[in-house]
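Letters A, B and C mark the chains as written, and numbering starts fresh at 1 in each.
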């Protein structure tokens, strides 16, 4: 063939370059909100990071200093209790969906899980309110954790199912062919093989519920004190951001910004750690 | 030689598809039998009937009889899970369990079926049996998936050997391996048959000719010819066998 | 179905047949030169023989390559094994034709011993066997090959008869020993050619049926 046949017309080359530039520009547009949010939140929040923020209670209006230590601890325990309740159930549901996916029941469960994950979190908050707050008679950390667990469950179940489905069927067959009962193959071989994937999914789900605000307004509400009991209302970072950001006191606004930057950092760090963990595992293979 | 595995009028189905048709075949103890035939001829399905793995597939069923050392493995009183402990299986793709070390991979069968005694010793014996010990003895804690393809396949053989099965089934054990790893696994097969009976599905006729004592040729679910490999590959009796092994179809 | 292996088989068969053709010509020339008393025709035998030798090497080389590349099995394997053996038989037959030519030349250097009767009959029978053996190879014909085996005994008998007859000549007149020996050697050469033809027929039977009929085993 004549090399000239391969030469691309100038018009086509220009068109090609134009489209590439357009795509780069659009990608940058998509990045703008993220960069803007990060920049704004950290610009406002970082200057107010100090040890007091993590260790002290909010001071009454007018006094300077103070922190949101109770909200940090409250958020931690809210998410911890939610994880203790929601993660095992979510993983078991995920196992059921993946390993017994052919049963009719699995179809129903899958549909319910998908619907549940589509329900707005504020509706789940109302549900937790009527299920726990109303019978007990007051707001409580337990109700907040319950609401978060309900949000967590479909996410964990879905991730677990997806990760388990990635484990090739010949791994299961190899286990069965060794004369290991099916339930042990699932729990002791398949689940271990999927360990890192499920851990990633759970961590991302936890980072997500840590930032939930709406359901907590109906359940854990808020508190000016350190959390002491599951049955008392508890402070949490998102709710504190919500109330302090709207407060007419500059000191509180600063705390809200600091809290917001802490939350964003939490999500960001979790994401990055998980990205790094999954990538390095992929490379070692 | 007395047969250790004997299939009698064995039929296997996938829902409505009749995959194995009335096959009777006796495998002499401590020998290597190769199952050959074109894709979809039922040889792998037949193999999976020998350790009751076929019934793991939904809507699959088996009719007929398989005797192991004279007693039926399809006895209603038997648990298929227990049957599989005496008939090991090695698969086409090396499939060490992800997330487990080399050592854990070898002993996992023992650990999860309740015999945890002397696991170090059993692991060493199994790895030596699979001709892998020298290569991995200093890195037993490394992940099983960190080994090369050929080593992984020998790890899978060690995993099966750790259960001390009298019979080992292999489903195209070298089709995913390079020629050097293939040669090692073939060498291993030949040395293994001193202690274990091997039944090997292979697409590689030269391999069947090299390693097996007897060869069975399957076509469309039927057993066409079963004979000494030295006879079957030089003077096959059936014209269909002749056509297949000289590459005239399939 | 067309297999790449078939091309190799066709080529080998053609080469072997070409060689068989030269062998037939060489025998024909040697015998005719003797019977027609035309010593110059013996030269042609040598020419054919050198062609046969070239092909002999080529076929060996082709077989080696064929085995290495194709790893033949079953009928293909039996075919290639037969080709290797037939190749050797044909080369030996060429050598025997040369021996006939050499012995014939010696014989024609003296006054004729007697009118040749049994030698032409034996030569005819042997040439027929060679032709039949080659035909059975081409046509993969068990009946033809079996016929070759059946004829071998007759050739052996003729050789013994020629030997006995010439023995009486030699005992009667020592001056005739040299010519007699030449004829005995020629009959011996013919008998060897017939043996090689028999070997070829046996190989053909092995290729076609997978049965080994050598050394007394019957089809």
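Annotations for the structure displayed:
Note that a contact is a pair of C-beta atoms (placed from the backbone, for glycine too) under 8 Å apart; a residue touches a chain by one contact, two chains touch by 3 or more.
The shown structure was predicted, so the numbers you read here are calculated from the model rather than taken from an experiment.
Comparing the CA-atom centres of all chains against that of chain B, the greatest distance is found for C.
At the centre of the protein atoms shown, by the Cα-centroid criterion, sits B.
If each chain is reduced to the centroid of its CA atoms, chain A and chain B end up 46 Å from each other. Our note on geometry: chain A versus chain C, Cα centroid distance of 90 Å, whole angstroms. As a whole-number value, the distance joining the C-alpha centres of chain B and chain C reads 52 Å. Under the contact definition stated at the top, not a single residue of chain C touches 2 or more other chains.
Taken together, the chain B residues at the contact with chain A in this complex read 51, 53, 56, 58, 81-86, 88-89, 91-93, 95, 97-100, 108-109, 112-113, 143, 145-146, 156, 159-160, 163. Contact residues on chain B toward chain C in their complex (touch as defined above): 205-206, 209, 233-236, 241-242, 245-249. Contact residues of chain A toward chain B in the complex are 102, 167-168, 170-171, 173-182, 184-185, 188-189, 192-193, 195-196, 284-285. Note for the complex: chain C touches chain B at residues 1, 3, 5, 71-78, 210-211.
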